[in-house]
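Same chain, two partners: chain A is paired with chain B first, then with chain C.
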Partner chain A sequence: MKNHSILRVEDLSIDYIVLGGSLKAVRNVSFEIYEGEVVCLVGESGSGKSTVGLAIAGALPENAIIRSGRIIFMGKNLLEAETRNKKVNNIMIVFQDPAATLNPLFKVGEVISDVIKTHLQIKEREKIKEKALEMFRMVELPDPTRIYNSYPHELSGGMLQRVVIAIALSTNPRMLIADEPTTMLDVTLQAQIIDLLLSLKRKLGLSMLFITHNLGVASEIADRIIVMYGGELIEEANSSELINNPLHPYTRGLMECIPRTHIKYSKLKHIPGTIPDLANPLKGCIFSDRCSEVMDVCRVVKPPIKEYSRNHKVACHLYMEEKQ
Partner chain B sequence: MPVSKEYLVKRLILLILVVLGVLFITFIITRIVPARPELLWAGPHATIEQIDKARKQLHLDKPIYIQFILYLQDFFQGNWGVSWRTRSPVLVDVMSSLTATLELIIIAFAFALIIGVPLGVFAAIKKYTWIDDLVKIITVVGASIPVFWLALIIQLVFGTWLGMLPSAKRVDEWVVIVTGFRQITGFYLIDSLIQGNYMVFIDSLKHIILPAMVLASYPFCLSARMTRAMMMEVLTEQHVRSLTAWGLPQRIILFKYSLKNTLAPVIASIGLSFGYTIIGAFMVELVFVWPGIGFYAAMALLSFDYPAVIGCVLIVAIFYCVINTLVDVIHSALDPRVKL
Partner chain C sequence: MSRLVEINNLRKYFPIRSGLFGKIVGHVKAVDGITFSVGQSEVVSLVGESGSGKTTIAKCLLLLERPTSGEILFDGYNITEARGKEYRDYRRSVQAVFQNPFLSLDPRMNVHDIISEPVKNHMKLSRKELYEYVSKLLEMVGLDQSFLEKFPHELSGGQAQRVAIARAISLNPKLVILDEPTSALDVSIQAQILNLLAELKEKMNLSYLLITHDLSIVRYISDRVLVIYLGKIMEEAPTEKIFKEPLHPYTQTLLTSVPDPFAKDVREKVILRGEPPSPTNPPKACRFHTRCPHVMDVCREEEPPEIQFGEKHRTYCWLHVKK
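Entry: the complex of A and B
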C-alpha cells in the first residue's frame, strides 16, 4: 500500500474572516495521503475537516484566508498561483448536499458537458455527450439519456449524488475528495453511495480523502483515519489500530458515542461541553476544557503531535512521558 | 416553456375583469368630478341653447347609470367615444399616441437592460472596490434625479450647445413630406424600414436618442443595482462554488450559469417599471414634445376630456396585465421549476 505519497499537506492554517474578527478554523495541520489510499478525516462540526478538504480542492469560500502551509500534490504546491488553475482535473470534489451542488436552472447534462469540454478538450458535441452518458452508466444510473436531459429538481437525492460523482470523475482525476457525501442522504442510500465510491476507487485507482463525522463509516472504508478537533489534528492511525486502540481522550469519547446494538442496555454516551471557540483558541491543549483526564500541563502547553507507535500518531500529554 | 392553456385562460378572464373594473371606477370618478365638459364641447362663445344641446348630445343630462350603460354599449362595439377635445375617435387617438410611447420606451428599456445588467454583474465581481463604489454612486444618483430635470439638461447639452441631435418631436416634417412616408404600424422605425425609407429611419432614430436616454436612466439604474445585489447573493451559493471547484472558467460560471439565476427578479421589477412608464413618461414627452400617451392623457385630464381619460386609463390597465403575464412567462422560461 505505502508506495509513495500523492498528496502532502504541510503546516496548513486557514482563517475565516467574519464580522468582528477572524476564526482560526484550521491550525498547523500536516498529513500525507499515499497513492491508492482511502484516508478518512473525522471530526465533529466546526472541527475544520471540511475546510481542509475545500482547501485541497481549491474551493474555499471567499472569506477564507490561507495563513500558512503548503499543499503538495504530485510534486507541485497547489497554493502557488501558477499551479492553482491546472490542478483541478486531477483533484475533484463531491459535496455534502447534492441538491445544492447543482444549479437548479440547468439540466445536469449541460453541467457535465461543460466540465468535460473544459477539462478533456473535446470539441464535438456528440463525443461530449457520449462521454457524459458513459459516466452516468459508470455510476450505475438507470436510463442515462433521461438523466442527461433532467433538471436537478426532477431527480432524487441519491440520483443527484450519483450525478455529482459522475461529474467529479468525468475529468479522469487522480484523487477524489468526498466532503460528507452521504450526510444528507437516507441511511439506505448512504451504504449504496459509499459502496459505489469504493468500487469506483478500486476500478480507477483513485486516492480518496473521505470527510465524515461518522467514525463508524470511517472505520469501514478507511485505510487510515485522521481525527481533527477544533481545527487541529489530534490523532492519526491505521484504521484498525485507531478503532481498537484509540489513544486521545477525544477519540475514545467519539468511540463511546457510536450507538451499539449488541450491548443490552446502556445510555448513549456523549462528550460533555461544546466545541471550542475558534476566535480565541485555548492556549494549551485544544481539548483541555472538555477532557476528563486533564492535567495541569494540558492547560498551559499545547501537546505536539508525536509518533506513539508505528502508524499511530497522537497529540496528547498523556502519552508524552511514556515515550520518553 | 411550460405555459398551460389553463393559465392563459385564467389570465384572459382576469384581464376582462380588470378592464370592467377599471371602466366602472374611472367612469364614475370622471362623472362625479364637478366640472362642465359640455362647455368644452360647445366651444367658446356658445349660447345657452347650444350648451344645453351639447349636454343632451353627451348624455350628461341622464342619470349616471344610464350614461354608463350607454358607454358600455358603445365600448363593446369598438367605439370608445369621441374625444371632446380633439373630436377624433378616442381609439384612434390612443393607439397612435400609444405606439409613439411604446417605440420610445422599448428602445429606452432595451438600452437600460443591455448596459445595466452587465454593469451590475461587473460591480458584483468587483465588489467593495472603487469600481463597485463608482457604479453605486452613478446608479443612486441616476435613480434619484428627477427625469424632467435630466430631460432639460440633456436637451440643453446635446441639443442646444453641441447641436448634435434634434431635441423635439418624432421626426422632421419636411423629411416626411419629401420622402412620402406613410404610417403603417405607428412605429416610425419599423414603418420606415418596411418602406425602405432610410431617410425617415435615420431621422427618427436621431430624434429618439435623447428622450430614450433620459427615460432609460431609471430602469438602467434599477437593473444595475438589482443585478449586482442578486449576483452577490448567487455567487455565495453552493452551486457556484462547486462549478469553481470543478474548474470551469470564470467567464462561463458568471455569464452562462450565475447570470440566469439573477435574471428572474430583475425582469420582474423591470417589467413593473415598464408598465408604470407607459403613462409615467409624460414628463419626458412634455419636454421633448413627443406625441405619446402620457402627454395625451395629461392634456385630456386638464380639459375634462372624459372619453379620452377613460381610454388612456384602460390602455394602461390592459398593458399592466399583459406585462405581468409576460413577466410570468419569462420567469417560467428561465426557471424550469416554475410551471404556469
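Entry: the complex of A and C
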C-alpha cells in the first residue's frame, strides 16, 4: 500500500431537511483513504454510512445540506462549485440494487455505450462497442455479446451487479464507492462479487470505499474498517486489528451479534434497544443509552475520537482514562 | 418425536404460456420431488439459493399454491383435500412470518387491528378481552402497550417484524413458517429476533420451518437442515452434522461462502463459478454438475442415488457412492 492519500474527508456534517425539522445524519466525520486501499464503512441502518458515500460521489438528494467540512480528492475540494463538475470521471458509485440502477427500457449495451461515449469522448460506434465488451470481459461476465444485447430483466441479480460494476469502471475511475453491493445477493454470489472486486483492485490499483452493514463482508474485503453509529465515527482500525481487538462497546456488541459458522452457541448476544433518534442526538456519547458499560461522564461529555494504539482510533470514555 | 408434517414426493410445476391462445410451452420445475417431515416442536431449515424452490414449498404448505403432485400430511390428514372443520383447523395451526414486515403488514391498520384480525376470525372474544389478549401477545414479543395504536410506518424494521411474529402466534399455531425472517434486518436486530423466536418456541412448544439462504443463522435455532438446489434435496442432516461434516459439495460451498470474520483461517474458501441454471430446463442427471468443483463423468449421465450416512444423514452425490 502506498502512503499516498487519495481522498480526505474533513469534519463533514450533513443534515437532511424533513417535515418539521432536520435530521443530523452525519456529524463531524473525518477519515482518509490511501491510494490502492479498500476502506469499509460499517454501520447499521441510519448510521449515516450511505450519506457519506453519496456526499463523496456528489449524489446527495436535494433535501440534504452540507453543514460543514471538506472532501479533498486528489488535492481538490469536491464541495467547491468549480471542481464539482470535473470529478465525475474519477469517482464512480455502485449501489445495492442493480435492477433499480439500470433503466429497464434500455439494453445494458446501450447504457454502457452511452457512458463510454460521454466520458471517454469516443465517437466511432465500433470502438465504443469494443470497449464495452472489453469491460464485460473484465468483470468476468460469460458471453459478453449476448449480455450486450440483453435487457436488465433478462439477467440475474449477480450478472446485473457485474454489469453495473463494468459501467462504473468503464470511465477508468481512480476510486470506486460501493454501497452495499452484495446485500441483495445470495451468499454464493456475494462471495463471487467480493472476489471480483478484490481482483479488480489488484489489477487496476483501484481505491475503494466499501459501505456495508455486515462486518463479515467487511473483514473479507477491507484493508481498514471504519465503524459508524448514529452519524458519528466511533472506531477505526486495520481490518484484522478491529476484528481481533474491537474496543468500542458498540463494535464489540456488533461482533457478538454475528452468528458464527464454526462454533455453536446456545444463545446469540444482542444489543438491546434501537438506533438513536437523529432529530435530537444525545448530548454525551451517542451510544450511551444502549451501552452496557455506560458511566456518568458518557451522558454528559461527547468522547472525541483519539488514537488508542498505532492504527487504531476509538471514541469512547473507557479508553480515555487509560491513556492519560 | 411424532411427525407433525409429512411431505411426500412434492412437485410443483408452473406452466410457461406463450402465444395468443396461451399454449403451454414448458414448465418451471420449482419443486421437483421433495420428501421430508417436520416433527412436533422441531425446527427444520430449508437452505438454498434463489430459485431453489424453498419458498414454493412454503407456499404449498400455506395452501397459497396447489401442488402439481405429491401429498402433504398434517397430523395425519391430507391438507389439499381438507374441507370444513379440518380446513379451518389447519389454517389456524399453520402460520407464517415473511421477510419484509412492511409488505406483510397492512399500512392502513394499526398494530392492534393487525394482531386482532386473525383472533377475531377464530375466537369469540369481547372487545375488552380482545384488547387484553392482544396486549399479552405484544408483551410476549417484547413490545409494550404504547405500540397498540401505532401504524406500521411508525415502527422500525425490528419492531415491525415483532408485530408480524405476534400476529403469527396469535392463534396458538403448531407450525410457524419463517421465510427469511431476518434477511431485511440489521445484524444487531437480527440477533434480537432470533433470540425471540427461540424463546417463543420453548414457551409455546412451536415447530418452525425456517427458510433461508444464510447458513449462519441456521445454527442457532434449527435441529435439522435440508439443503436444496433447483427443486431437489441435496443433503439432509442434523444441524451439527451439516456444519461438522458437510458431505455434498454444494453444502460445502454454501458453508464457506458465508463471510465469517472468525473463521478466516479455519477454512479454505470455495467460490462457485457461474449462476444457478434455470429451473425451466434444469441440468440432466445430477443438477449440480454444471457448477460442481468435483464433477465426474457419471454425474452428467445418471442421477445420484440416496446415500445414508449414519442416522438421519442423507445425501445425493456420486462422490460418496462406494465402488
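Here is the rule we go by: the second predicted complex is superposed on the first by the 323 of 324 C-alpha atoms of A that agree within 3 Å, B and C clash if a C-alpha of one lies under 4 Å from a C-alpha of the other, contacts with A are read in each partner's own complex, and residues count from 1 in each chain.
Criterion: a residue touches a chain if its C-beta (ideal position, glycine included) is under 8 Å from a C-beta of that chain, and two chains touch if they have at least 3 such contacts.
Remember, it's a predicted structure, so these values are computed and weren't measured experimentally.
Student: A:G231 in the overlay: touching chain B, chain C, both, or neither? Say first, second, both or neither.
Tutor: It touches nothing on chain B or chain C.
Student: Give one of first, second, both or neither to describe whether A:A59 is in contact with chain B, with chain C, with both, or with none.
Tutor: first
Student: Spot which of chain B and chain C makes contact with more residues of chain A, would you?
Tutor: Chain A has more residues touched by C than by the other partner.
Student: With both complexes overlaid on chain A, does A:V187 touch chain B (first), chain C (second), both or neither?
Tutor: Once the two structures are laid over each other on A, A:V187 reaches chain C alone.
Student: Classify the contacts of A:N103 with the two partner chains as first (chain B alone), second (chain C alone), both, or neither.
Tutor: In the superposed model, A:N103 contacts chain B only, not chain C.
Student: Is A:T171 touching the first partner chain B, the second partner chain C, both, or neither of them?
Tutor: Only chain B is touched by A:T171; chain C is not.
Student: Contact-wise, after the overlay, does A:S219 reach chain B, chain C, both or neither (first, second, both, neither)?
Tutor: It touches chain C, and chain B stays clear.
Student: Does chain B (first) or chain C (second) touch A:G284, or do both, or does neither?
Tutor: neither
Student: In the complex, go through chain A and note every residue touching chain C.
Tutor: Checking each residue of chain A against chain C gives 44-45, 142, 156-159, 186-192, 194-195, 213-220, 243, 253-265, 267-272, 274-275.
Student: What residues on chain C touch chain A, complex-wise?
Tutor: Answer in residue numbers: 49-50, 156-159, 186-192, 194-195, 198, 213-217, 219-220, 240, 243, 253-264, 266-267, 269, 271-275.
Student: Chain B touches which residues of chain A in the complex?
Tutor: So the residues of chain A in touch with chain B come to 54, 57-59, 61-62, 85, 88-89, 92-93, 95, 97, 100-106, 111, 114-115, 118-119, 151, 153, 164, 167-168, 171.
Student: Spell out the part of chain B that touches chain A in their complex, as residue ranges.
Tutor: Interface residues on chain B, with respect to chain A: 236-249, 252, 256-257, 260-261, 334-337.
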